[in-house]
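Take a look at the structures below.
Heads up, the next two complexes both have chain A, just with different partners, chain B and then chain C.
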Partner chain A sequence: MKFRIFDGQAFHEHGTSWTTEDGLLQQAHTFARHVAHHIARHKPGIAVALPPEKQLQHDFSSKPLIDPAAVPLADKVAFCTTTYGKIMASGKEFANAKVVLGEFSEVKVFASKHKLLSQHITGCRIVLMPLVKTSDGDTRYHYESFFKPGYEVTHVSDEKIQQIAAMALRIKDAKKISPGTYEAVLHPYVSGVLAHESFGHGMEADTIYKERAMAKEYLGKRIASSSVSIVENPAIEGKHGGYFFDDEGQLATPTYLVKAGIVGSPITDLSSAARMHLQRTANGRCESFDHKSYARMSTIYFEAGSGSKDAMIASIKDGYFLYNTGGGMEDPKGWGVQIQGILAERIKNGKLTGELFYEVGMTGFLPSILGSIAGISKEFLVEGVGSCGKGHKEWVRVADGGPYLHVKQVELS
Partner chain B sequence: MTTIPPLFYPTLEIARSLLARAREEKKAADWKLAHEHTHRWNVYYTKGAELEDVLQSERHDLTATAYVKQGKSGKRLMGESSFPILSNNENAIRQQIQDALFACTLTDKEDFDIPDDSFANAPAIELADPEIIAAASDGKGENGVHTLLAELGERFSGEFKKYGGVKLNGMEIHASITERRVLNSKGVDVHQKATEIYIETVITAVDGKRESEFFPAMTVSRLSDVDVTAFVKKYVTFAKDVLSSSPPCLFTGAVVLSEDAIPDFFAPRIDDAPLTAHTFGSTHYMGLARYEKGKQVIPGKVQGDKITLVNDPLVPLNPASQRFDRDGIAARRQVLIDKGIFVGFVASKRFADYLKIQPSGPLGVIELGAGSKTVKELYQQPCIEIVSFSSFVPNSLSGDFAAEIRLGYLHKDGQKLPFKGGMVSGNVFEAFANVYFSEETITIPDYSGPKAVRFEKLTVSGRE
Partner chain C sequence: MPSPTNDTTAEIQTAKRALQQAIAILSTEARYADALYLSTTTRRISKNKKGAATAA
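Moving on to the complex of A and B:
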């Protein structure tokens, strides 16, 4: 439970794991007394007006195809054991494997002068991670994760499991890449991280307000060709980053961060929207009741285009196909790109060669990379689970993905 | 401190009583309760040192674990199931225990024993700042700690104003008191109280229309350990150096880590450091470790200094220190790697039983042995110095890394030229085949050891 008071300049928040009515009332009175004490003792700062709100009352709920609560625990354990067995049986080279099945049931109630909202969000995720030993004793792995609102997430085909296992075996012999600038095709797993880490963080309004983001210089200006659009969308159904309203009671709707190549509106929390006189978007999120809300992403992706993955690969004489990443880090002020843990495959004369490169890093200047996007596929994938921090803290669940991107120049090392 | 009756202490007793009954009735072999009680006070400043948010919170996290010994196919196995206790409703807790006991029958870990009280003689190290504790409980109520933090915020704000060409565009100051208790059915009952202060600042350096930023953070246990003057001086210099930096050129050769890059490399915040991860009992049990006890951790011929790595959770008033691990095993200082030879495991009781070794207790401050050269000698030119990574997240198993450089310097022809960007890439275990550590050492949260480390051959990507 979190109480929140706005004093005309700043927010005051009080979080507690207390859950009885008497205890909450007592805490509310104590909190109000402390806020009054604070206001009386501190000199006034810059007055801030919160944006107006409409009266609203609504209850929301996820719609899992299979309610995870209705599935016996024994079945869940059996799924993990069986899947582990399938991976380990697919090759003697596997040192081990990890199969994770997780589920959450999140109930949030938001009450303010204007709103009374509730949401019940369910989610199930699986992570499949085969581990292999290289000839010189290193341990390497490949992993993929999947997310659905319900237990239907376990409907992963044997073919997919075999693909993941086969990729781990190929990684066993992967090499280190020679640093350089290359032409590349980015899998949706990589294009999603590019959208999230490199672009999305720079469009967080609280970051922009603190003069931490170069995006401020680009608002309303062209950054890419008219075929490029980037959407931040908590309302996209059934994704790991989704919700019906944010932690400040704003109903979820999509926001175009880039529309037809032009940089659009930042995503906001209540404080940054008020201070910058911006449209509220449903991105005021906190890690938990004992953390502050910030402007945060949910599910972000490039919009699909008209190209195809195969045609992109066929068009490249010498380059790389980037499969997957271990994550990235934001640099909103410099708009630098840092994505690490990439698995890459060499493309030669329009064909994938089978030559793999492990733990590749991608760096560069984001506007240059966005400006060198030469193709966007119609194939579109937002899959899996992610966790996003602001800096190195304030973790929230997110998702990303999108189409395959053909990028003329990326720096890989 | 809050005057609210401590809900979770009676709840803990209800859970303890119900778990004990399950054990008496032979439904559970053993049980464990872990309780964490955290008070948090945070202040947030936005642009212009304007107060944006004041937060205070109190949270309890009570987690129970049930253990069931069982036999399957002639093998002795251990079932283990943990669950959070969210209410003081006795019937609800009873049902959770029933569910956990059933879950135990579905898990088939190799058998192990939870620790008894002979493992739990936790050393009395100081972990809590008396100033924070006093402010939280001296009758000033919640505002007591907030007042301390506001005063600290004013000191930072005032110190930044002494410098031209920089702006303080944001600051967060957090303080917390966390009490942890672990007790189990074999007599373990250990407790610790620790404080932590976290400071994060957004520093913007300005020169006409050009701007750059540095975004440093620090964590300490004691308010008096916050050296405002030194912090501001160091990071204002870094912010200004970023402003005057250029992108790097492609470089292969000697790379020196110093300043913030050192703890990021040896005690990274997001994942385990590769050097340490292969000392874990769990890594060995799963067949994923590259180290063998009594053998060199770096294969082949090693030039330069040999690694000595110590786990020390007993450094007083260091946020990485702890009195006991999550099972209640007492903390102890332990050599993990001695002059390049793997000698000690970091292992919980479970993995210690499997490997037939002693449990290590918790991971604490990572202490790296000092080296043979002075800091000055390590900067033999040409070399690249990295003082800060954007984020250093190595692959903890393979040791591969590719990390963007937030600020570095090219030392060449008697000059020290700042650069930002590019990636340093390589493999931790290959890099340690030719490394030198400085004689001079530092002790900071998470890390104690050489002030500078020189790898003789790494690659930094950049313009060709």
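Moving on to the complex of A and C:
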């Protein structure tokens, strides 16, 4: 349980793991007394006005096709064991494989003078990761992850499992890329990380308020062509980053961080929205009852376009297809792109050559990369699972993805 | 706005009642007060060469 009191200038917060009703009310009394004492001892500072609240009372819940709580543990262990066996049986070269099945059930209830909201969110994820040994003894892996609100996530076809295993075998002989500037097609797994790490973190209003984000210089200005839009959307159903309302009782709705190439409004928590006079978005999130809420992403993606992946590849004389990534790191202050662990395949004369490159890094200045987007596919994918920190802490579940992107110039090394 | 399902559990009803009473206490002299109840259960099952493992 978490209590907050706003004194007209700042929030006072109190987190407790006390679970009995009497205990909680005692904690509320003690906290209210402490805050009143604090206010009486301190001179008033600069007043901040919170946005007005609407009356709201709603209850929300996920809609899993198969409730994970209704599936016996033995069946879940059997799924992992069987899937592991399928991967290992598909080639002698596999040194190991890792199959993970995770599930969560999350209940949140929010109350203020005007709101009383509840949500029950369920989720299941699987990670499939075959590992191979190279001729010089290195271990390499390929992985894909999947998410659904229920146990239906385990309905992965044998064909898909074989595809993942086959890619790991191909990685065994992948080379190191020659550093340089290249034309590239980004898979949705990579375009999603670009949207999240490189752009989204820089659009967190509390970070902008602290003068730690270059995005401040770009608000309302063009950063890409009119075909480029980036959406932060907790309301997209059945995704790992989704919810019905944020931890400050704001109902989930999509926010355009970039609309038709123009940088839009930042994502906000209640405090940053009030201090910066910004529109409140449903992004006030906390890691736990004993952490404060910050402006955080949920599910972020580039909006789909009208192009196609195949046409993008066919249009490139010499470049790379970027398949997957191990993740990235935000740089809101410098808006530098840092995406690591990319698996790349050479494109030559409009065709994929089969020549793979492992552990490729993608760097560059974000506005330059967004400005060189030349194509956006109609194919669209938000599939995976992610956990996002603000810097090195404050972990929350997220998702990203989007369309394939054709980028004219990107630094790969 | 997302579609409400309006089905709740005993846990949610209890939390709602406690939160409403807490808000009445917290907002006596405050401009604004809110309260959040959070409860998450997780389970993780993994299988690799060394065997299968579960964690709650």
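Quick note on the criterion: the second predicted complex is superposed on the first by the 413 of 413 C-alpha atoms of A that agree within 3 Å, B and C clash if a C-alpha of one lies under 4 Å from a C-alpha of the other, contacts with A are read in each partner's own complex, and residues count from 1 in each chain.
Here, contacts are C-beta pairs under 8 Å (C-beta built on N, C-alpha and C of every residue); 3 or more make two chains touch, one makes a residue touch a chain.
Owing to the predicted nature of the structure, the values given are computational and were not obtained by experimental measurement.
Contacts of A:Gly8 after superposition: chain C is touched, whereas chain B is not reached. By the touch criterion defined above, A:Asn96 reaches both chain B and chain C.
With both structures placed on the common chain, the touch criterion links A:Gly361 to chain B but leaves chain C unconnected.
Once the two complexes are laid over each other on the shared chain, residue contacts for A:Ala74 go to chain B alone; chain C is not touched. In the superposed model, A:Phe289 makes contact with both chain B and chain C.
Touch criterion met: A:Leu116 reaches chain C, while chain B stays clear of it. When both complexes are overlaid on chain A, the residue A:Lys108 reaches chain C alone and has no touch with chain B. On chain A, the patch touched by chain B and the patch touched by chain C overlap at residues 2, 31, 73, 77, 96, 289. The part of chain A that touches chain C in the complex is made up of residues 1-8, 21, 24-25, 28-29, 31-32, 35-36, 50, 58-61, 63, 73, 76-77, 80-81, 83-84, 96-113, 115-116, 118, 120, 235, 244, 247-249, 251-253, 286, 288-289. Taken in their complex, chain C has these residues touching chain A: 1-9, 11-12, 14-23, 25-49, 52, 54. On the chain B side of its complex with chain A, the touching residues are 2-5, 7, 38, 40, 42, 44, 46-48, 50-61, 86-87, 99, 102-103, 106-107, 141-143, 146, 167, 169-170, 200, 202, 204, 211-213, 215, 217, 250, 269-270, 286-288, 290, 299, 390-391, 393, 395, 397-404, 406, 420-423, 425, 427, 459, 461-462, 464. Within the complex, the chain A residues that touch chain B are 2, 9-20, 23, 26-27, 30-31, 34, 37-38, 42, 45-46, 73-74, 77, 95-96, 131, 133, 136-141, 176, 179-180, 206, 209-212, 271, 275, 289-292, 326-329, 331, 333-334, 336, 338, 340-341, 358-361, 363, 391-392, 411, 413.
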